[in-house]
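Here the structure is laid out as structure tokens; the discussion comes afterwards.
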Amino acid sequence: MPGKLKAFHEFRSAMNEKLLSKGNLQLKRFFNLDSQVYVDGALPGKTKELMGLVASAVLRCDDCITYHMIQCADLGVTDEEFFETFNVTLIVGGSITIPHIRRAVETLEEIRASEKRKRDKGEMGKRRDGKRRRDEKGE
Amino acid sequence: MPGKLKAFHEFRSAMNEKLLSKGNLQLKRFFNLDSQVYVDGALPGKTKELMGLVASAVLRCDDCITYHMIQCADLGVTDEEFFETFNVTLIVGGSITIPHIRRAVETLEEIRASEKRKRDKGEMGKRRDGKRRRDEKGE
Amino acid sequence: MPGKLKAFHEFRSAMNEKLLSKGNLQLKRFFNLDSQVYVDGALPGKTKELMGLVASAVLRCDDCITYHMIQCADLGVTDEEFFETFNVTLIVGGSITIPHIRRAVETLEEIRASEKRKRDKGEMGKRRDGKRRRDEKGE
Amino acid sequence: MPGKLKAFHEFRSAMNEKLLSKGNLQLKRFFNLDSQVYVDGALPGKTKELMGLVASAVLRCDDCITYHMIQCADLGVTDEEFFETFNVTLIVGGSITIPHIRRAVETLEEIRASEKRKRDKGEMGKRRDGKRRRDEKGE
Amino acid sequence: MPGKLKAFHEFRSAMNEKLLSKGNLQLKRFFNLDSQVYVDGALPGKTKELMGLVASAVLRCDDCITYHMIQCADLGVTDEEFFETFNVTLIVGGSITIPHIRRAVETLEEIRASEKRKRDKGEMGKRRDGKRRRDEKGE
Amino acid sequence: MPGKLKAFHEFRSAMNEKLLSKGNLQLKRFFNLDSQVYVDGALPGKTKELMGLVASAVLRCDDCITYHMIQCADLGVTDEEFFETFNVTLIVGGSITIPHIRRAVETLEEIRASEKRKRDKGEMGKRRDGKRRRDEKGE
């Protein structure tokens, strides 16, 4: 896994752990609620992750963008779909979102490189069935 | 068509006309670009309108919310789908979005009432085929 | 109760009811969580309502400002304390918050007028004990 | 003076008066500082009012937009200059600013109509010299 | 003092010095006003620093969060109080604030470690009296 | 060219290239439109770049601030003019903009140092005529 993505995952995990161990009940409830919102419902989980991405992008939070891009890639979002999402971001949010989109393009490259490494190692076998992959995600 | 929606349409049309007649070339180009972004592409138009709605909602612009809700309803978005969109809004954007969601619920009622009036008048015949409806929208 | 405050309460109640009856489980959970956050804890409820007010004010949401001002007034926040809260708002959020502060000053007048009417009608008897009043609020 | 502009001026004056009479010293100092920032300096006052307008527009505050448009019009900003300012707003801030630009176009019409009424009444005689007009503004 | 906090203090001091030496009178007045706002008044300084923290957190500015956390810690804010402040942030501002809260948890650890080092060196003697500590802060 | 500015240019160029090669037509159109907005028109390009700067500053995007500062410096904006722009930023956007202004002051130093190095190398000869310089910018 390339540098930036790895650092993101490590810091995120370490701090979420501290946040949840030191934080109070309400903080935990918010985190639970946060993960429930994106599961399949009337709208498919993929659509909701794309919504989470576009919301993060117009609100201009790089970490949130990275997080939702990882989720989206896991759910099979293609490069073309990512770029159309950036289009909606750009038109709604304006040129002020461009630096975030530039960083998102870099993140996309890291995600694809990470996927390639996993495929090369044969780790993609278990994922051939998209549906199972999705079930695993919550663990 | 109920009061609020009608007033929205009338003011929007009148002012857009003035904006485009008095405004310069770049303003027109932005407006053109704005409508191109939401057509079917790698992602379906409906998904992009939902993205436009969630982006408008977390950025908290009532008129933009109303606009994208009308587009979404035209593309067949159900009440359940609207409420899941409000969920994503609420979790990403926080309680500060609640007053906008309350007004969106009122807008949804007006949209459904307007649809009912049209059905009662027999105007829904031409729309039975969702696809044609979508083609008409751009005109 | 003067016009603006009354209209705020009525629309808010009517729409919250619809929101919660039509909305899904996650929406209800968010609303529950929202009310839990402001109860007495390590920080007194009053401090947290003032925080809710200042957060609403720098994010510039009039309805949220009105809501937290009503809660604050119920918890005994004085005019001087409100104005110091507006100071923090103004210095952190800048002159862009001024129109919201102007409307908040109008809201404060309506709240004080409403309190006076209740006192004149003898309704303040049950509230003389601030503590009980606070207990009642959650009902 | 047409309805919307008149209502804006009246509410603004009434509430600013209350704000400054009830508010504390720091609030007064902020208001003083606010008016000092836009006077002629290394940059002309007109450029700074245009900056105030574009800042208000991308931050999407209708009252602030109206306020700076009135100041700009007083300093001789033309329709073409206003529309180029809206262009910068639109490109930096995105389509989320469009409803505010629509309302700004309506405000511009009211401002021009108000100017015409004053010219018709012969009140424009004293303003033929732009410079004097600027001196009057502080009163 | 750990790395991040030290770097924050050094850059902040160096740049504020340049800002105030090169900047004009209005910039200096704003900075003066900024520090006046948080002193004890109708509301205690601690409450106002917590307000400054929550305002910084919902507006999502890491440096402002760090600054107000340092001030809050100096005024005796406990971990529990910090976490309740993060709760208000999270519920008002939504999940988009989570990355900032994660970084705030890291900052809190650095602040506590720095306090511990000072206690171990015996520097805490002069601070045993919280009140004096507060008086010193303004210097 | 000092470190931060150089890194900014290199990352920006590399990612814009990827963005435009991988991105779709609408993304390219937005980028074209973005550069058209700031050319001389009813308002001079310099005024519009200053507007772009103040808009970027109140929306608090460091990369956008850096970009517009470079453009402004190319168009001859003086230190005094930059600091008055920061004043407008500070008063409209509040203390939450201060960390961005601190970083902008550092950027300004890098820009001036870069200009000095070019002058020392005799590269400033071609630029003595400000007007030609401006024509070159679009290439």
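Descriptive notes on the structure:
First chain written, first letter: the chains are A, B, C, D, E and F, and each begins at residue 1.
By definition in this document, contacts are C-beta pairs under 8 Å (C-beta built on N, C-alpha and C of every residue); 3 or more make two chains touch, one makes a residue touch a chain.
Small disclaimer: the values here were computed from a predicted structure and weren't measured.
Listed here as common contacts of chain A and chain B: C, D, E, F.
Among the remaining chains, those touching chain A as well as chain C are B, D, E, F. Each step here moves to a touching chain, and the least such steps from chain C to chain D number 1. Residue numbering at the chain D/chain F interface overlaps substantially, since over half of the positions present are found in both copies. The angle of the rotation superposing chain A on chain E, based on CA atoms and rounded to the nearest 5, is 120 degrees.
Comparing A-B with the candidates C-D, A-C or D-F, the pair whose contacts agree for more than half of the residue-numbered pairs is D-F. Centre-to-centre separation between chain C and chain F, using Cα means, comes to 43 Å.
Taking each chain's centre as the average of its CA atoms, chain D and chain E sit 36 Å apart. Centroids built from CA atoms put chain D at 31 Å from chain B. Of all residues in chain A, those touching 2 or more other chains are 24, 26, 30, 33-34, 37, 41, 55-56, 58-59, 64, 80, 83-84, 87, 90-93, 95-96, listed in ascending order. Chain contacts here are complete: no pair of chains fails to touch.
Chain contact summary for the complex, chain A toward chain E: residues 11-12, 15-16, 18-19, 22-24, 26-27, 30, 34, 55-56, 59, 61-64.
Across the interface of their complex, chain F is touched by residues 24, 26, 29-30, 33, 36-37, 41 of chain B.
Those residues of chain F that touch chain C in the shared complex are 58, 90-97. Residues 33-34, 37-38, 41-43, 47-48, 50-52, 54-56, 58-59, 64, 78, 80-81, 83-85, 87-89, 91-93 of chain B are the ones touching chain A in the complex. Against chain A, the residues of chain E that register as touching in their complex are 60, 79-80, 83-84, 86-87, 90-91, 95-96, 98-99, 101-103, 105-106, 109.
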